[in-house]
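Heads up, the next two complexes both have subunit A, just with different partners, subunit B and then subunit C.
Here is the complex of A and B:
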């Protein structure tokens, strides 16, 4: 089994005006079979400085994401690609919800993903976003997380 | 003199980038990528682009192989490869490559073999152009970094 990568960023933000209001910790799981997309999304999240400590893990397919949860990991936000080998995002989302995972699961798809996107959303996504993810899109997810606390 | 060289190279980089934006080869996502580069990952952009080149060439080879046999073209597999290329292209701001992938996928959905072949040729062309221009950009960046790293001997009047 491939071991997913983990990265912890200490969210010291010299520029943050509201550092006193910053959440203590944010944990994000990036699930995508594309190494480039994992690298970029991981970097975007780590640079956001939306929490004092940002923990990021990556997984290369839905099964790895499931295995992480089965081994006891939990996340605030899961960025889930739709099309992946071994276990795709739709199936992984269904399985995670069946396991009782209540994290925010955000589907990440190519913009023209049509009917598959509907099935993906119905599997239990909180939101579905088009690639490319940007800092603004992810910031907005964290804001939603804060609102729903 | 060498300081002047650094400025010249910076201007060259900006000129090339402007050209690529004007041509629609790159979009603002490339700027987002550049903004992600920092002291903790000083080679972030070139690392990402290197992955992009490596993966794209694999995908293009796979697409060509799939289209070699007109009777047995596996359009579902083609869709998977195209999807991945679209995703990675959009993540680095490779706008024209991404757009050709969209057109390619439309042909693939119609099981249009001839259309797919034409789209693949165009995709290969766009990818080559992008690759050459990004290489050019990185070469200028390397020269600029070297030139700005040169220490000037102290000058006395």
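Here is the complex of A and C:
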């Protein structure tokens, strides 16, 4: 099983118009069993420059996401895939909320079944987005985070 | 550098729209291209696309094997798996076929709304869809290899 990976981007030298108003730090956890999807979502987040420092970790399934939290990690945003082996997104979201995790948890799914998406949302998601994730969708999540501060 | 733009490139750094026909959703794929640090080398997007080629080949082999062994559950899981990365890259036709494989593997019709209890009906449908998905993949692969000058 792949171990979670961490990436830190320092956005200090970027050319954002609002750099003076930019949040200091953003930490994101990308949870998806597909390595390609993890790589793309990780890159989208790192390229956004929505914070002076962006820290990204990845996990390959819900259990790894849980283990990260049990070891003391915390995140501003968790991008959670729905269908994963070992522990799926719905179960992982339930467990994280039961643990008291208050991070923004965003479901990311290519599933069409309404019942599955409803169960996923009811597990404790803040939002559920369809794949593919885009830069605009993630920027919007960060804006929501800022509004709810 | 990647080519096959509809506009002639008259100078370094000029950009144009790649031509992929209807096998790839340009808006989605351009999101991937935008992540390249260098528009000439296109290291990131190329790595993602070529990783996808390997992933698709491996997944199709597994689909063939599970079709042979009549394992509908596995076929459904494989359809779902390939659907996600297809969607991420904008390979919409392939994504749709994978979704149908996912549904038939789960004893549902292609929309996923209605149950089909007959295994043979589901397996036959999966067989046709796997063949279709492979053709759709080849079409997208050809266009992408051309884009990356790897024909």
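One rule holds in what follows: the second predicted complex is superposed on the first by the 143 of 149 C-alpha atoms of A that agree within 3 Å, B and C clash if a C-alpha of one lies under 4 Å from a C-alpha of the other, contacts with A are read in each partner's own complex, and residues count from 1 in each chain.
Note that in this section a residue touches a chain if its C-beta (ideal position, glycine included) is under 8 Å from a C-beta of that chain, and two chains touch if they have at least 3 such contacts.
Please read these numbers as outputs of a predicted model, since none were measured by experiment.
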Open item on the list: Taking subunit A as the common reference, can subunit B and subunit C both be placed on it without clashing, or not? Answer clash or fit.
Closed with: clash
TODO: Pick one for A:47: touches subunit B only (first), subunit C only (second), both, or neither.
DONE: both
Open item on the list: Under the stated touch criterion, which partner chain does A:132 make contact with: subunit B (first), subunit C (second), both, or neither?
Closed with: both
TODO: Determine, under the contact definition given at the top, whether A:91 touches first (subunit B), second (subunit C), both, or neither.
DONE: neither
Open item on the list: If we overlay the two complexes on their shared chain A, which of subunit B and subunit C does A:67 touch? Say first, second, both or neither.
Closed with: neither
TODO: Tell me which partner A:110 touches in the superposition: subunit B (first), subunit C (second), both or neither.
DONE: both
- [ ] Applying the touch criterion given at the start, work out whether A:37 contacts subunit B, subunit C, both or neither, answering first, second, both or neither.
- [x] both
Open item on the list: Residues of subunit A that sit at the subunit B interface in one complex and at the subunit C interface in the other, please.
Closed with: 33-37, 39-40, 43-44, 47, 81, 83, 110-112, 131-135
TODO: Would you pull the subunit A residues touching subunit C in the complex into a rising list?
DONE: 32-37, 39-40, 43-44, 47, 81, 83, 110-113, 131-135
- [ ] Give every residue of subunit C touching subunit A within the complex, in rising order.
- [x] 28, 31-32, 34-35, 44, 47-48, 51-52, 55, 80-81, 83-85, 87-90, 95, 99, 112
- [ ] Within their complex, state which residues of subunit A touch subunit B.
- [x] 33-37, 39-40, 43-44, 47, 81, 83, 110-112, 131-135
- [ ] Please give the residue numbers of subunit B that touch subunit A in the complex, ascending.
- [x] 29, 32-33, 36, 38, 41, 44, 47-48, 51-52, 55, 80, 83-84, 86-88, 90-93, 102, 105
